[in-house]
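Got some structures for you, see below.
Look for chain A in each of the two complexes below; its partner is chain B in the first and chain C in the second.
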Partner chain A sequence: MRKYTTSSGKVIIKPFNKIWIVLAVLIVLLVIFDQFIYSYQITLSEIGVILKKMFTPDTNDTWGDYFSYIFTLKDPLVLTLQMSFAGSLIGSVLAVPVAFMASSNIMKSKWIYVPVRTLLNLIRTIPAMVLVLIGVYFVGTGVLSGIIGLSLFSFGIMAKMLFEAIETVDMNPYEALESTGANKIQAFKYAVVPQIMPTYVSYLIYIFELNIRASAILGFVGVEGIGKSISDNIPANYDHVGAAVMLLFVLILTIQMLSTHLRGRLQ
Partner chain B sequence: MSKLENVLKKEPRRWIMNLVFAIAMILALIYSFSGSSINILRLQTVGIQFKLMLRGFSEINWNFLIGTGLYDFDEGIIYLALQTLSIAFTGTLIGSVLAIPFAFLSSKKIVGKFSKIGITLITFIRVFPEIILVLILVKGFGMTPLACVITIGLHSIGMLGKMFSEVIDNMDDGPIEALDAVGANTWQKIRYGIFPQIIPDLSSIALYRLDINVRSASILGIVGTTAGGFGAILSLAALFVDWRTLAAVLVVIVVLVLTVDAISSYLRRKLV
Partner chain C sequence: MIKFVNVSKTYLNGVEALKSINLEVNDGEFVAIIGLSGAGKSTLLRSINKMIEITSGQILIDDVDIASIKGKELRMMRRSIGMIFQSFNLVKKMSVFNNVLSGRVAYHPTYKTILGLFPKEDKLLALDSLDAMGILDKAFARADQLSGGQQQRVALARALTQKPKLILADEPVASLDPITTVQVMDDFAKVNKEYGITIITNMHHVDLALKYANRIIGVKDGIVMYDGPANGINDEMLVKIYGRSLKHDEVLGETDA
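Let's turn to the complex of A and B:
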């Protein structure tokens, strides 16, 4: 049925649908990639067992014990909030001058913004956990390593999002200021900053959320905080893991809701 | 007093609020550092550590990186990179397929005010940390890359479902009405009215998610020694300072992510 003849005698040929090529490529890739994914012995019932271990009290404990453990997590929680906050703030502040240099509408010269963007792309490829691990190598497993790693992580994301925001601003006020003799920085301050400020604040909240989310994994490289309460209790006390997970989940959910609300109001 | 000065005086005193805000931020920042112990001894070792880092990067063990010489190919870091890519690709594919029903469930256009249920479900999936999900799933699927694949697949539903449902909500009703008018049945309406409209957008979103998933697949394996990706090697490197391994892993991660980024953004440009 590739050829149709209409009543007026016109012949219509149905074009070949490219989706088949795409599907064939996907299947070939899947077969190749399948070589790297091995597995043995799938026991799905174990998932139920572990969930029960995590989200119900231990056999000798009561629900009271289970929830009272959450209150002992106050200190790690504070540490996590500290490093997420400091990381977001430091990274985002450092990102401003770099975003300024990376935006093509302000730096007219390719020789400046292309290298800066390449550097930003390089930083963004590194997962937050690896950046924190570098921090751990330098200053040990305290909060400071988390702050260093998360600052770098926040810096990469913020600089990228910010220069993209700067490139979409209305350039007329900027040009008007430049024509009155203002230099680049003055023009940026009075013409671009007021335009991007709401976006910047909303990105800042978003990055804080990302950092809190990243903190769950940081325990695995030994960094203090809520992530360590999770990784330290494996495999002995899964009920404590569950309690910490619940706390983290509620925390992220709250921040997510707050951030959606605030971002809606800012933009 | 000139007119201009009068106008200037009427300007709201924003600087007071700004100052209060800035001071609050700085105080919070200082408080954030209170948990970390900064001492002279530590600052002195930073310089040494920096030298060690540079040495680590200049003495990368290329045999270990590529998997030649003393090492088998499946012991090298390139193998881990390919494994990471496999996990991310398969996971994204699974996630994209699973996200479609969720997207329809949370689309206002399809289910009306019941969309709240779907949206809440998707938000919960998105918020649940991946690393916890993989911790739970390794119990069922074993300490294997398969557990990571399933984790990535399930976690991707969160973002993909949300973005897919936005695509469906922004769909043009025209073609569907036209098909209705010529007497098409439901399947024909989906095939010729909905698919051609949403498939390019859906693929573009899935490719974007592939970028993200390559980054997360590279570290998910940290939950166990045989779970795939760079996780196992990184957790070993976390036990003691091992710049050479970290440098090799970093080089490979950077190359891998940049390559996938380039391919995916090229394909996305062709799609849109």
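Let's turn to the complex of A and C:
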């Protein structure tokens, strides 16, 4: 706080800038965080060592060897793409009827949409990794468990985003369809679906993107794919880990750009 | 034939929209309901296809009491009644053709309509309806590319595609300009005469109601003040219905279109 007195004797007070509080909190958090890291025996310098191992060739290798490893990742990469795509598609299709039931403008009764929404919230609290573990429990660590896990993950996100989109549509055509004698499902198909279709497709692309990102950690529970190429090489071959991470980085960036472009055209 | 017997409607907020209405509308009539906004015109109209449920009394359509019907039977009843809205209520992002075709969904099982399977007759019927409304060439345009008057014609075509006995119109021309208004009203007259479809419409513009309808129902505070031929309406009667003389926005004025 600072007090100013003008030449005419008027006093004006400059209010306290809240940015200092934010900065103070950040510094405190940083100190706590540093303690935390220290207690786990990982120092910042060690992170530096690992990073260096990841993004430079092994002592006996050349940069050529380093990058040639990327080409051996073709199969796991394709697997990851397939799993992510199947998971996005299955989850998103299953999400449609559930989003229908979660929309308060379609289901007028609270007794239907509130329980459905609660269920959706529950599903979304479970991390993708745990959902995949559920898949692993049922079908073992194959591609199928990845698809099951990613489908559940996609389903949770899509159902939530979709019902929120449904609640913003113009309900006038829906009323018109009901007046022609259409039932709820028919009226939904002909009055609501055409309105949310572009949004749905754009969400689908976004979820595909999320799935590829999530699949990077699936390797840690043994599911095949690019994630496994990462987890298998820790800690023996950090250079391979770095190469795989770079590949993943490029892949996600490409899909992000594609999806931004496609979604822009859909609107 | 539609028959109202002592029909009343009280909304949850206590507003009495209809007070013991008794009416009969015969097949083939063109009826206009006039009155102030809030007089109960819309409630009266929407109670006929049960878009609004009445509180007491009976509404009989071809001697069937509609109070008791629900579910599938209600949908069967609704599909024989077309409805036109002030804001057209089309799916703007969908083609005109699909909008019109959607008038047929109640004739088919859900799974077929979900897959978008319509018999060829339905598609031809939709195109015929568009042709009758003079907008066949717009069939595959997106609905939002059409002007307001054209959109209301699409809505009329959708209603025609239902093969209805009756069309209910809730302020069909209230959001149109005067020239388009006359064109759309001409279409209503055509639907009434050529297809023999009964028309019941709410009208904001009194002169239009008098020009097109052969019967006027004047409503004030949920009570029928006048029910008779259009030529029985005079200034005195209008004051009775409106509680005052007409404001200039309640008449359309001269249009020679």
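As a convention for this text, the second predicted complex is superposed on the first by the 225 of 267 C-alpha atoms of A that agree within 3 Å, B and C clash if a C-alpha of one lies under 4 Å from a C-alpha of the other, contacts with A are read in each partner's own complex, and residues count from 1 in each chain.
Throughout what follows, a residue touches a chain if its C-beta (ideal position, glycine included) is under 8 Å from a C-beta of that chain, and two chains touch if they have at least 3 such contacts.
For clarity, every value in this text was computed on a predicted model and none was experimentally measured.
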Is A:86 touching the first partner chain B, the second partner chain C, both, or neither of them? first
If you stack the two complexes on chain A, which partner ends up touching A:57: first (chain B), second (chain C), both, or neither? neither
Go through the superposed model and pick first if A:139 touches only chain B, second if only chain C, both, or neither. first
Touching A:176, do we find chain B (first), chain C (second), both, or neither? second
May I ask you to decide whether A:190 touches chain B, chain C, both, or neither, giving the answer as first, second, both or neither? second
On chain A, which partner's contacts cover more residues, chain B's or chain C's? B
Can you give me the overlap between the chain B contact set and the chain C contact set on chain A? none
In their shared complex, chain B is touched by residues of chain A numbered 19, 26, 29-30, 33-47, 49-51, 54, 78-79, 82-83, 85-86, 89-90, 121-122, 125-127, 129-130, 133-134, 136-140, 142-144, 147, 213, 216-217, 220-222, 224, 230, 234, 241, 245, 248-249, 252-253, 256
Chain A partner, complex, touching residues on chain C are 49, 51, 74-83, 85, 87-94, 98, 102-103, 105-106, 110, 113-114, 155, 158-159, 162
Where on chain B is chain A touching in the complex? 25, 28-29, 31-38, 42, 46, 49-50, 53, 79, 82-83, 85-87, 89-90, 93, 123-124, 127-129, 131-132, 135-137, 139-142, 144-147, 149, 199, 215-216, 218-219, 222-223, 228, 234-235, 237-238, 241, 243, 246, 249-250, 253-254, 257-258, 261
Residue ranges of chain A touching chain C (in the complex, touch as defined): 170, 172-173, 175-183, 185-187, 189-191, 194-195, 197-198
